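Submitted below is the structure of interest, expressed as structure tokens.
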Amino acid sequence: MAHDLSKPYDYPFDVASEDEIRFRDAGAVDGRPAGVPSSYDEGGSTRWTPEAISEVHALAQLGRYQVRGYNTFNKQMPTFDDLTFVPATMTRLPLEGYRESCDTTTVLGGGRGLVERPLELKIPIYIASMSFGALSASAKASLGYGASKVGTMTCTGEGGMLEEEREASQRLLYQMSPARYGVDLDHLRRADALEIVVGQGAKPGTGGLLLGMKVSPRVSEMRTLPEGVDQRSTIRHPDFLGADDLAVKIEELRIATNYQVPIFIKMGATRPRFDVAVAAKAGADVVVVDGAEGGTGASPELLLNHTGIPTMSAIRAAREALDECGMSGKVSLVAAGGIRSGVDAAKCLALGADAVMIGNAAMVALGCNSPRYLEDYQALGTSPGACHHCHTGRCPVGVATQDPDLEARMNPNAGAERVARYLTAMTMEITALAKACGKSSVHNLETEDLRALSFQASAFTGVKMAGIDRAYDW
Amino acid sequence: MSNAARQTDEIVIEVGQRHIREVNQDIMAACATGRPIRVVNTLSRHNLGVGLPDNVDITFEGSVGYYCGGLNTGANITIERNCGWAAGEGMAKGHITIGGYAGMSCGAAMIGGTIHVKGDAGPRVGVAMKGGNIVVEGKIGYQSGFMAHAGRIIALGGAGESCADALWQGEVWVAGGIDSLGVDVDVIEPTPEEVAEVDAILDPLGLVDSSRNWRKLVSGQRLWYFESRDASAWLMI
Amino acid sequence: MCGIAGRILAAPGRVGADLVDLMDAQEHRGADSTGFAIYGLPRETGYVLRGMGFDKSRQGADLDAFEAVLKEHGADFLSDPKILTDENRHYCFRMEISDPTDLQAWVRDADELTDRIEIQSCGRSLEIIKDIGGAEGVSEKHGVRDMIGTHGLGHARLATESSVLPNASHPFWARPFSDVAIVHNGQITDYFTWRDKLTRMGYRFLTENDSELIAVWVSDQMKAGLTMEQALKKSITSIDGVFTYMIATPGGIGFAKDRFAMKPLVVVNRNGDLAAATEEQAVRRVMTEECDVINYDGPSLTGIWGVGNRSLAA
């Protein structure tokens, strides 16, 4: 409450027109709008790059921070490609990659022995929490059918339980976000697991965001919001204010669901060494750590680019935290954030995750950034492969939209099959690596099966440097 | 320890230091009988009467802890004295009467039904509520109605600081003083028709008083949009 | 992230037993460690010390070094130190000492030994007992239930950003101010800034725990001339984060709550017979009949409860 808006400031002149403020007046050039990096040429300055100049122009035009979808553009984030597997050779014996089996069954939430129905997934991958609102209803249903076909789970995201998704998903994780959109007891009891969200990797410390273009009549009804409003969700839950109260809240949810289903806590990766231990001690059955590379439908850009820690570092810290407080085996660890393939997923398992979840990757499988409807990409000022305009609701391929005409561009049956095939392929990739490392279960991948190709990746994860076989250490 | 050894058909359930899961199993079993339920020796314990079904009449003798009546789907719940945090959180239907003080976040994220607090209510009453009514005979606490989406909070004994903060479409009705308003609040003189609607909620509770000087607090809607015309409003928070 | 409690008896009695009950009821809020600050009947001269050594195999050498520092400051043990050991590596001690010539100078020198042996409370009446585990376990090990006194504090800790070590448990002593102790529920978000400032002023912090700061901060403000009430009020705008804390002196217990009304405090006060806790159900362990409860739920609240007719100045 820093400002008293009842007394607005008056210039001693008329406020300029929006065209004048936004450099659209005299001298403007078609195709080179101010505030977009591609409108500027690279100069000699390493500080004032096209990105830096366009950022200032954009902020000066808007008077607010920029909002966009997708995930981080921060070039300093390490990639999973900085890690490589070291399969069995002479000292170890590999399993036959094309013949022998490798178990992928993944059980989540059974470790405490508290719930009647732990989740048994056939693969160590499930579909991340993406809300109806961020995604279209048919995209949600496609994810559900695709996941069901391969025996895994989807998550509602914060927008409430969509009937189409409940029907499509054999296993559905029901998210209780701080804003509690559409949360009621019936939905809680129809879920296969509950997830209490305390943050997400794309924008830790901040609530969800859904711009007005996507707050359609149906979305607005499910979230009890004015239609077309820019929905900024809370980050603090309304009825607990800390891990100490959360312990009581978890007991409430267990009673409400009659101790049937596991309770997840999902967090953005910031201080996982402490946060994960606290979540485990507060009573979670599963802790989900979402790294800074995690995607989102919309976020202030500064949070996407400049908050959180990389997934690979978060997994190691989270696993060590669970080991230290004696919760490994009792509490399952799920990792997420920037996972693009089975190879990335296998590296997460080796670093210590019990399972991974994919968001962006599943959207891409549905058709995100696919090279079709080029003119609509161009209208958004982008192109296939470069699109990060989920926040606008104008998704050219009908995945991240609430516009019925755009939504119709995604064939839900084909989308489901692509998701199923993609998950199958990812799982084959994981088992291929696991068998090469001599493992009969993907869960037996371990950090020793990895070597780091960069100082950075080694320093972040404690994985030994290739060749020298020591973790980078100061 | 449930026993029906009373002269009425009331089922009495003892809480004391018993495990709360066991207590709630007894309560659910009692609910199935359709008989009135009295829960005694509650000792301000947490999570009593969570997720109760419709057509149940239950009384908690004494004070209860957190989340009492949470996720209620139709039960008529009476808490004779105080309750802790978030009584009736997420409730969809039913009626909760709180005889004394209601702790923080009473009616948090509720979607329907009525909560009637005879004493004062703590901070953030009706936070994130999506529907229903909360009637507080005393004063409502700090930041009441924070980000309420829908529904009404009706305070007969005034309001504390930061009242009706950042509302979506919920309404906060206050008779009596308001210590301070929250962010983005418009104060409206209600029309007689609107007052009649509120009186219709108060009438079954025996709380209608035509001499009240109502103020109706609604969203100023300046935080609803990202548009640059409103960007300065964001500095308020 | 914790449960806290305070208890003032109308007349000296089994305050330890009540605090154990108050903390046992709140164990779900934090079972990493439990601690108690108990104000016994004050002595005229000399101090009671409570603390820990970190390696029981070095106990003899530690105590010899400790005794040497004591003697350098004109003081000595008044009785043989009582040592408590179990399967843990650390050991706990209770000592009675005569008055050092300059208490604060002695604390400064004694703290040179803190990598081996750490004083965790020093007072004419204050004794802080803290250890890993729940209320009953800590009580059984240290005999808390049998401790007699006028008032005290309790704490159940869910470790957040510092280790689950016995010395990082609450309550914290306002080093080097004798007879001042604190318990805190919440997190301080400008902790490292304040800690640096106070360290430059000569204060010493032995843990990474944000709560250790508050006791010293309040005591320092009082040393600079503020009353406890003024210091409590000032803390609300000076320290950032969310908190409900209680600070105890031989005269009573004060509390302060942050400006966002995040962390609860429930109190029953019957003419000086007072129980305070994070949760009402804990208070009801010691006040079993229905009683009027005060919920300090609002923002920016402070208060002070005296013991009998004692002065609150530390």
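Residue numbering begins at 1 within each chain, and the chains themselves are lettered A, B and C in the order written.
By definition in this document, a residue touches a chain if its C-beta (ideal position, glycine included) is under 8 Å from a C-beta of that chain, and two chains touch if they have at least 3 such contacts.
A quick map from chain label to UniProt name: A = Glutamate synthase [NADPH] large chain; B = Glutamate synthase alpha subunit C-terminal domain-containing protein; C = Amidophosphoribosyltransferase.
All values derive from a computational prediction rather than experimental measurement.
Indicate which of the five shapes (line, ring, star, complete, other) describes how the chains touch one another.
complete
State the pair with the higher C-beta contact count; candidates are B-C and A-C.
Pair with the higher count of C-beta contacts: B-C.
Can you compute the centre-to-centre distance for chain B and chain C, using the mean CA position of each chain? Integer Å is fine.
Going by mean C-alpha positions, chain B sits 37 Å from chain C.
Using the average of all C-alpha atoms in each chain as its centre, how far is it in Å between chain A and chain C?
Whole-Å distance between the two chain centres: 43.
Touching at least two other chains at once: which residues of chain B meet that condition?
46, 65-66, 85, 124
In chain A, what residues contact two or more other chains?
245, 248, 251
Which stretch or stretches of chain A touch chain C in the complex?
Listed in rising order, the residues of chain A that touch chain C are 241-245, 247-248, 251, 271, 274, 277-278, 281-282, 325.
What residues of chain C sit close enough to touch chain A in their complex?
Within the complex, chain C touches chain A at residues 1-3, 28-32, 158-161, 164, 185-186, 242, 262-263, 278.
What does chain A use to touch chain B in their complex?
1-3, 5, 8, 61-64, 67, 178-180, 182-186, 188, 211-212, 223-226, 229-230, 232, 234, 238-240, 245, 248-249, 251-252, 254-256, 259
For chain C, which residues are in contact with chain B within the complex?
Residue positions touching the partner: 261, 264, 279-281, 283-285, 288, 290, 293, 295, 297-299.
For the complex, give me every residue of chain B touching chain C.
Touching chain C from chain B are residues 43-46, 62-63, 65-66, 81-82, 84-85, 101, 103-104, 122-124, 141-143, 160-161.
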